[in-house]
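The first chain written gets the first letter, and so on, giving A, B, C, D, E and F; residue counts start at 1 in each chain.
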Amino acid sequence: MSNTPPISRFPVPEIGSLPEDLRQRILEVQDKAGFVPNVFLALAHRPAEMRAFLAYHDALLLKEGGGSTNQEASGQGLTKGEREMIIVATSGANRCLYCVVAHGAILRVYEKRPLIADQIAVNHRKADITPRQRAMLDFAMKVCLHADEIEEADYAALRAHGFTDEDAWDIGAIAAFFGLSNRMANLIGLRPNDEFYLMGRVPRQK
Amino acid sequence: MSNTPPISRFPVPEIGSLPEDLRQRILEVQDKAGFVPNVFLALAHRPAEMRAFLAYHDALLLKEGGGSTNQEASGQGLTKGEREMIIVATSGANRCLYCVVAHGAILRVYEKRPLIADQIAVNHRKADITPRQRAMLDFAMKVCLHADEIEEADYAALRAHGFTDEDAWDIGAIAAFFGLSNRMANLIGLRPNDEFYLMGRVPRQK
Amino acid sequence: MSNTPPISRFPVPEIGSLPEDLRQRILEVQDKAGFVPNVFLALAHRPAEMRAFLAYHDALLLKEGGGSTNQEASGQGLTKGEREMIIVATSGANRCLYCVVAHGAILRVYEKRPLIADQIAVNHRKADITPRQRAMLDFAMKVCLHADEIEEADYAALRAHGFTDEDAWDIGAIAAFFGLSNRMANLIGLRPNDEFYLMGRVPRQK
Amino acid sequence: MSNTPPISRFPVPEIGSLPEDLRQRILEVQDKAGFVPNVFLALAHRPAEMRAFLAYHDALLLKEGGGSTNQEASGQGLTKGEREMIIVATSGANRCLYCVVAHGAILRVYEKRPLIADQIAVNHRKADITPRQRAMLDFAMKVCLHADEIEEADYAALRAHGFTDEDAWDIGAIAAFFGLSNRMANLIGLRPNDEFYLMGRVPRQK
Amino acid sequence: MSNTPPISRFPVPEIGSLPEDLRQRILEVQDKAGFVPNVFLALAHRPAEMRAFLAYHDALLLKEGGGSTNQEASGQGLTKGEREMIIVATSGANRCLYCVVAHGAILRVYEKRPLIADQIAVNHRKADITPRQRAMLDFAMKVCLHADEIEEADYAALRAHGFTDEDAWDIGAIAAFFGLSNRMANLIGLRPNDEFYLMGRVPRQK
Amino acid sequence: MSNTPPISRFPVPEIGSLPEDLRQRILEVQDKAGFVPNVFLALAHRPAEMRAFLAYHDALLLKEGGGSTNQEASGQGLTKGEREMIIVATSGANRCLYCVVAHGAILRVYEKRPLIADQIAVNHRKADITPRQRAMLDFAMKVCLHADEIEEADYAALRAHGFTDEDAWDIGAIAAFFGLSNRMANLIGLRPNDEFYLMGRVPRQK
């Protein structure tokens, strides 16, 4: 690994030197994935920001359902795979290598479909997705690229496919959060782990 | 206030019904500002996301200095006013009404300069700022609008004005975080409090 | 005022040295507003162009009704406040500091609404305006940004809100005229008078 | 002429019915050109605006030299042909049929070069012009397309080719004025006279 | 012709030195047109590429009908003049001087209408064309500028004007082929022959 | 394969029904690759266009060296892998799924580097390439996106990295040719073969 380019423009701390909570989180991820995704190492340069980043990430991506304080109105429409579709589509639009490659891998694993991530990253209009997922990605792309133009008609287009407004929040919030993530990754030159490129492409990997 | 348009497309919870930590934070802000900024009420619809949002916000905007784990390399170059300049410039580019108006107010208060926020929101090239601040905003605008093109030359341009690379992280991270905030505000139709519009424009305002 | 940046990249003539008609016009404005808006001083560097500029301005903004030679078809739909809304919205899109600040002030004064100018300058889709005014600004923004694509459908959209074609001329002509004004102001670095920033924001500001 | 499409979306007044000053001006133009350019007929629908339009046009295009109140600093650098080059280049960028065709004709006549107008309208970078004219058109195109980004460096680039700042005003003001004209022509669907298309292309064209 | 700028950035071979098939083709064109269009001379620098270019050109532009292997479904809707309209409109959008000027000439000759090429090159929305031709050019312009967004709705819009899907292939393929031609011409600085500028503008020009 | 979406919007001919030369070419490709890339089947709908397409493709991609008639000046600088880099980068910019996936596979195979294609497709600025290759891709991307702005300075930037002008032709011509290919693929909805997605990613594949 001596010849590998650095994973960030900024210093990358040793795992052992990190605050306990971050160290613990990283070890858990390593245990689960078999390696430490570089985003954990690179963002650890700024522990307070990293904690907020992870908390935001978890709030949007780990929960089931819409998470509203109003449980009944809460959307339950987005599967974990669909959340990753939003990430991959918007990260492609933002030309963020780390997020396309890393979340492309997660999308393939969640969906158990080896082609879907490349399709969505390059052009979601050509992807093997349902009309409902197409509407979801159209909304996400508008939040990504023209959020200032989001209007009632955009919400209505989602409702026509059975999405609740809580789902719309989820879709938009994931697009917005990766508006942050993509910019951070491009800012610091975050390099995807080599492992991500192949993940989910072959039947038995690991 | 009965005729005022809603502050969000989504339900706005009663303060009394909120989890204790959020309720406490809101009351503190109200105590300090004299009113509750609408972002606190609107985001409280999603408590977990709000906590992460506030933690990120505080990590980037409340600290002094660069916050790196490597204290010596840590940039100390950005004043609180300068951090708000970044927010106002990028929020203007993203056409986010809430952030331009609310952070424009904060910028005026911090800098004690009643004209600076409107200047930066409309066109930072015409603002009464130093060449160093101009370089800071040029970098922030590139992260806002073309983060995929950020390169060594952009960091070098900052260094030529005495910024450290930790300062570059700060500048870029604030631009990236408001890449998220602006999209959320436009997504939910977040309405600025009327109070913000005048704040910092008149000598003794309350 | 010795430390104030210059109001124009170009020489600014003394009022006393100006041709009588321009001198008279400037003194009238000063009498009415309490100060001389910088556009009058900066454009006076070129008296012939200034006279044409003022004549165009007056033809579009001072009249009542549509001004057509065909009186019956003449639109009477645009109030003075609405004409200023068009200016503020398109000047925001063109990132023209002078026009956003100066006409934002005039808009506040005409409408007696202290928030409306900032709303329209940042994002007219989020402003407290009627659907008819929204259609007016959508048309104006298209003339501002994509005039080559103006078609029958755009006129029809205005008619659906009760505008006549003469109103459409008014809306488009104001957007076109500030296409000129915004470019001139950005060309010469025209600086708004400090007085404009606060005008119309506080109850008794005289 | 019964089958010809209308020259404007708006009513076109009879010449005989126009105010005397406009009628006189039109007859003079007709006498000189052999026909009445449609812009005179179409704009006459709004006499006050037309007078201002013509006054602005004449101030920028008919004078010799820079026209500044400060005679000594006044630029004398722009020939009439070069002024038309600015019009043709920016009108091409704005996709304004009337101005490309009508001013293309005038440019050919002034320069006595039948190819120059098409070259500049399509891509000024490929036109048979001098490096000085190329710098002039680069500045004009920036005022046309990105006036908010005009800075000292743009003026410096002109000075490097011997242009004075008064010349810069001329170049920018012509680009700005046709920012207005192009939008008006596209707004009203102004149709170029058939005569313009061939003018200046053949040796003796009466 | 000694003072004429070069027709290409690259060496232009002598006709006599060319492979027999290219030499023959060039002599045929010269015989028919009275001169050798510069594209033949400039591309001859790369004989193999030129042969492919001409074969593609001929397949799209010389045939009658749609050329599909499925004769019955084959579109026959595009006249030679309409094919040239597509070329002129997309070459205008790509700012390709050679193709606008040379194919503008061919369009005038085919259509026997001296104004049509300039109209379409500058703004096809203002051209004297039928609604069907307008739909054809809208489709072509989308392939030219946003091919990644072509969808079923775009095909449906063509069908509404009587075009078959084979016609859609023709329209799109011509736009795509000139996506190549325009880039090549701009790459090598291909200069149009002076003869093209006037061709088709005057009654008897042979 | 019954559930697979169609590989083209248009009818796909049986291989056995094709003209002998195309049939032969397809069988050769199948023999070499183990499957028939869909582009061969989809384009065979138009045999004459397909022949020209293949001839152009082969002229640009199969040769060694620059292919100029002037052998001595001929560039020899582009390896087959580098030619594929140009294709992948520009196809990513054009959001062409077929070309990104199919040529991404070929690039991985040629370079024997499993990560390079994804890197270049998403953001060539973040790819593991040499400064010389970066200059090559910068030039190619300018031809892809802004060919009308290609100038002497762009050629000079290539020369600074040791490229000849013949290399510049090669780089630009490949970008131009895929300007055509990408538009055709998006036009007809060309679907990449499933086999391409994994090709070149695993050590021994097949």
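Note that a residue touches a chain if its C-beta (ideal position, glycine included) is under 8 Å from a C-beta of that chain, and two chains touch if they have at least 3 such contacts.
Owing to the predicted nature of the structure, the values given are computational and were not obtained by experimental measurement.
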Where chain A and chain F overlap in contact partners, by chain label: B, E
Each chain counted as touching chain C and chain D at once: B, E
Longest centre-to-centre distance from chain B, chain (CA-based): E
Proportion of interface numbers common to chain A and chain B (over half same, under half different): same
Equivalent interface to A-F, taken from D-F, B-C or C-D so that over half of the residue contact pairs match: B-C
Chain B and chain F, separation of their C-alpha mean positions in angstrom: 45
CA centroid of chain E to CA centroid of chain F, Å: 24
Gap in Å, rounded to a whole number, between the CA centres of chain E and chain D: 30
Contacts with 2+ other chains: residues of chain D: 95-96, 123, 148, 186
Topology of the chain contact graph, where touching chains are joined (line, ring, star, complete, other): other
Every chain pair meeting the contact rule: A-B, A-C, A-E, A-F, B-C, B-D, B-F, C-D, C-E, D-E, D-F, E-F
Residues of chain C defined as touching chain B within the complex: 5, 92, 95-97, 100-101, 114-115, 118-119, 121-123, 126, 128, 186, 189, 191, 194, 197-198, 201-202
In the complex with chain E, residue positions of chain C that touch it: 148-149, 151
Chain B - residues contacting chain A, complex: 9-11, 13, 17, 44-49, 51-53, 55-56, 58-60, 63, 67-70, 73, 94-96, 143-144, 147-148, 150, 155, 165, 168-169, 172-173, 175-177, 179-184, 186-188
Contact set on chain C toward chain A in their complex: 123, 125
